[in-house]
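See structure below.
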Amino acid sequence: MNYTIFGESHGPAIGVTLTRVPAGLELDMEAVAKEMARRAPGGNPLSTARKESDQPEIISGLFRGKTTGTPLTALIPNGDTHSRDYEALRTHPRPSHADYAAWVRYGGNADYRGGGHFSGRLTAPLVFAGAIAKQLLALRGIKVGAHISNIYGICDGPLEAPEDLLPLAEKGFPVLDDAQGDLMQQAILEAKKDGDSVGGAIECALWGLPAGIGDPDLGRNVEGIFSKHLFAVPAVKAVGFGMGVAFALMRGSEANDPFQVKEGKVVTATNHAGGINGGITNGMPVVFEVTLRPTPSISLPQETVDLTAMERYELTVEGRHDPCVVLRAVPVIEAAAALAGCELLGI
Amino acid sequence: MNYTIFGESHGPAIGVTLTRVPAGLELDMEAVAKEMARRAPGGNPLSTARKESDQPEIISGLFRGKTTGTPLTALIPNGDTHSRDYEALRTHPRPSHADYAAWVRYGGNADYRGGGHFSGRLTAPLVFAGAIAKQLLALRGIKVGAHISNIYGICDGPLEAPEDLLPLAEKGFPVLDDAQGDLMQQAILEAKKDGDSVGGAIECALWGLPAGIGDPDLGRNVEGIFSKHLFAVPAVKAVGFGMGVAFALMRGSEANDPFQVKEGKVVTATNHAGGINGGITNGMPVVFEVTLRPTPSISLPQETVDLTAMERYELTVEGRHDPCVVLRAVPVIEAAAALAGCELLGI
Amino acid sequence: MNYTIFGESHGPAIGVTLTRVPAGLELDMEAVAKEMARRAPGGNPLSTARKESDQPEIISGLFRGKTTGTPLTALIPNGDTHSRDYEALRTHPRPSHADYAAWVRYGGNADYRGGGHFSGRLTAPLVFAGAIAKQLLALRGIKVGAHISNIYGICDGPLEAPEDLLPLAEKGFPVLDDAQGDLMQQAILEAKKDGDSVGGAIECALWGLPAGIGDPDLGRNVEGIFSKHLFAVPAVKAVGFGMGVAFALMRGSEANDPFQVKEGKVVTATNHAGGINGGITNGMPVVFEVTLRPTPSISLPQETVDLTAMERYELTVEGRHDPCVVLRAVPVIEAAAALAGCELLGI
Amino acid sequence: MNYTIFGESHGPAIGVTLTRVPAGLELDMEAVAKEMARRAPGGNPLSTARKESDQPEIISGLFRGKTTGTPLTALIPNGDTHSRDYEALRTHPRPSHADYAAWVRYGGNADYRGGGHFSGRLTAPLVFAGAIAKQLLALRGIKVGAHISNIYGICDGPLEAPEDLLPLAEKGFPVLDDAQGDLMQQAILEAKKDGDSVGGAIECALWGLPAGIGDPDLGRNVEGIFSKHLFAVPAVKAVGFGMGVAFALMRGSEANDPFQVKEGKVVTATNHAGGINGGITNGMPVVFEVTLRPTPSISLPQETVDLTAMERYELTVEGRHDPCVVLRAVPVIEAAAALAGCELLGI
């Protein structure tokens, strides 16, 4: 299965084409809608006031409720766009947004309205694709869950068992420790009040993956496949597996996961490696954490340049923005993880 | 340019095939040898006592000192192998090594002697490939450098300017702050004395890359291309770009890099984004940090299982091992970065 | 540039997503419409009576008339479908159609109405993609042309100069020798009268391609790249370059193309090799011929099986069909050739 | 499984790296040697007088006689080279050889001795790779066979049943009709006597492939996958499936293959489609024919250019050459077909 996301924030529609979807999957559209709703903005003060129409219309690859096996394309129409808001940004690139890099890359031809193809809105088709991937994985007993592990330095409780992540999909603010969750939300609202934004992290796990999947080689190892999918999510700037960056603080005797026999199966006593040894799954849950940068869109005045005059310009970004994308990114990261899981399994 | 590494630690030879190397590159074999020497073990108490013959023999793709443009294959013969040391490990997987995962993946058919295809020795052909990539990048004014940024929690001084990394290639222990370097080495030797190992991190930069390279899409964005190459290096468990995981602790107003005009060029005042916005280079140095887990090979007795009897087994790993792979990994990470840079530029 | 075609004959729409289209191409929509019209059915007695709405609606990747460089998706709505006609075919596979192979491949889940994803209608998005490819090639002085070279054994005059192909795009029946063209049309009409169909061949040329493009290796040689694109066109069953199958009848002294210097350039006196030596362009026009099988859809009763009862079934295919797809395939083959040319040039 | 062939005719060795070979295949080295011997020159007056050492040395990916699943590299040392013979050709490209195209492509840096990477000798590693592919296919009951179907217009008897091809692997001149084979050999010897060469064709079949493999889409259809592998064989200039170019002479009623039930299985009464409908296998043998051009290397004087002086040059090619490559190409085409079969099956 392969996916291509297309569209721009202020074009007629965005969408995704999935190729080589296994034929005969009875698509659970309610489950799809649930995933879409988790990502959709609005409904709480933690995210943007924009309303986005997120109902995917499947125009190919589905026949009588089942996947056909030939390319599946879904469209999500755009609406509620305020193109006016963005006109001023055309030659005044927003700091840490893609504006300038894209301006060079595409010779000034990119659709800059609402971030164009770089808009966070493009994660909607990704969630749709991920919803299909999740259903395919579920058929093999593989599940995906995630929690907000960090907002502005405030950490969620540690993940003891991946199963604890499943009920979080129903929560408005998916953390294991609600007290920490309250502090996180406070940090977001304070940033919002200041016209600012905050960064954070999401920890995600897949369980049910068999041992022995992957290869050590370039582009074939589990870490490489997952990171490819994860770094395709806007705002992701770091990916760590198992203990991740904390491995730098450890000795081998602490970091190593002893093998044990449990109910006739080989398991590891700990899972510091995040379920991966030598680029291959070892049968334990695959666990990783991604770090998302603070939304570059803030209301505070910022220094930038006028690309025409090539001189200093003080920019104040108008429009409606998320003070923190981490909350809405949770289903997106799960989607990317599910798609990576499918690639790994040759689905 | 594409590369395939082949070989096993105790086979006749390891090597690499590079396809689509640009024709006409006058290969600087002295520079290649220098890179190989940086990775080679021996010569100091911080690494394994093994001696490895690391002289690559180029058997195709080079004619009269210049690349032909057709596939270039280099062989590195093996020698000084003690296969006996490993025989016992066959059915007793070393914790956190690839042994068990590979045993499942390859149905018990992998060459387990000396780690086989999973041996750190396989990074030698990677360094060779990277040496060619560096020479190709240098023709375009692009340079690659790295330093040890962390050993067991002891951090090197911050990287002020990428140029400071270049002289480090000549240093036995490549850090910016030698006092911190001494503490790091002490930590390694202490771990060694205890029959243990330590993890660490390497920060790497490429400078000279033009703005406007990359795409936001899956498998085409700068972070995705770099992480694919970096996670193909054994022991790498985390990759972060720019501020990396520290983005989780920041507000947008701190994290954003203001654009400025400097000598007629658009630059950013800071480089928290590591030279990448929206998956595309912005013309600033590409900076990232990789975290390497502590070598799983330690001399202390460890708990594992006997895969035949499916019961507990206490394992003591014999053989000669690096107490810390970070030092020898520095040229390996640079090599992976150079190969990623080439892929990015379509070289 | 990469393309993915999606859709089914009787779904809401078919379409195509093109990735990595160079940014800034001012799309000539009139030229696009012209290509679409060449492929569209109706208007003459040689093709099906179906009317197809072939107006592509571009929903992404185009901004203010220029390509943005991000994925470009075009939709072509379906209409004038008679799904009823096909219902009977569901378990009675039409001989030499994809029905049975697809039934096995997709476990009976493919949309069988009107051939579904296997319908010749899916060549409409291919022609659209090819129209863009042609415009990109034209910017580099590369042109594409084709003629019907054979219908039911009646051959067109030989191609003396590729330039002679250009005006044929304006002709209703694109042959060099109209007398032969008349015989061909007669053969088609006779087959139609008999409820039968005929096969044929198309010869196509690209000129303006520089020498030195391609590589001998798997998947990189010119013949391999072109044939990949050509065999993705339904009904194509053979591809030959230059003299093609006639090479089997030749001696080296006849087949070899002598090199000559002409106006300071190296050319070949003849072009039996079709512009390709060793998998690399030699600067002469790339010339090839594709053979298309007779349309499997004929009105005559045919022997097939009932897949449910697993017994003999006599099938009479209803519906409106082309007695010969070769005429409408001419712009399709040109499109595939243009897309191959783009791949070859790294566009 | 993927393969990369490397090496030049007059370098130290040529070879191949195979990635993702399934682990645990007990390699039948005798069968490998047999395939190598079929391709090796010498031993009869129909081929070149060169002697080539064709013993592959496997240096990775094989452990205790079984494939490990990690990259498998085999080397074939070069020997018996007469580099002197080729020196004159450096700036006088041989007509219809790759010399000139490669000279432009690689900026004059290619190893021109003995054809370098373009030498027919590079088919030796391909035959080795194919021998492994054949053993993998045999485990699934899939067989590959071929015969010389045409030499200089002299055709072999028609292929009634693919099984008839199997014993041909043991024959010195693999044809079904020995009387025709005698005429073919006569044609080759006459060409040789005249210092000339002849072209021909090979028909090849795979049987045992299940129905329902492949997809209609670009790069995924059966014809596309096979032709990719076949056009990577030097001298192949045309590929046709089933009736191939003869489809242009047929009506649908003749060309269509009626479906029938036979022993509880769906089969087709004829196999004009060569086992492929809509780019997907239909369970019948996959049958195709490839056309090979006459060897460009002939002893007759030929017109070419001096690339330095840019003027006319009369060239007489020295050295030892095959008057017809078709005979030695039979195992090469089988190898390419076996590798295509593996790709198709996801091996």
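As written, the chain order gives the labels A, B, C and D, with residue 1 at the start of each chain.
As a convention for this text, a residue touches a chain if its C-beta (ideal position, glycine included) is under 8 Å from a C-beta of that chain, and two chains touch if they have at least 3 such contacts.
All of these numbers come straight from a predicted model, not from anything done at the bench.
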| item | value |
| --- | --- |
| Taking each chain's C-alpha mean as its centre, the one farthest from chain A | D |
| Result of counting contacting C-beta pairs for B-D and B-C, higher pair | B-D |
| Distance between chain centroids, defined by C-alpha means - chain B, chain D (Å) | 40 |
| Euclidean distance of C-alpha centroids - chain A vs chain B, Å | 27 |
| Centre distance in Å when chain B and chain C are each reduced to the mean of their C-alpha atoms | 47 |
| Per-residue overlap in chain B, given as positions that touch at least 2 other chains | 4-5, 19, 70-71, 105-106, 117, 215-217 |
| Of all residues in chain D, those that touch chain B in their complex | 4-8, 11-15, 17, 19, 23-24, 59-61, 63, 66-73, 75, 105-111, 116-117 |
| Residues on chain B engaged by chain C in the complex (per definition of touch) | 19-20, 70-71, 215-217, 220, 346 |
| Residues on chain B engaged by chain A in the complex (per definition of touch) | 3-5, 93, 95-102, 104-106, 117-118, 122, 150-153, 191, 194, 196-201, 211-219, 221, 223-224, 227-229, 231-232, 234, 236-245, 247-261, 264, 266, 268-269, 272-274, 276-283, 291-298, 300, 302-305, 307, 310-312 |
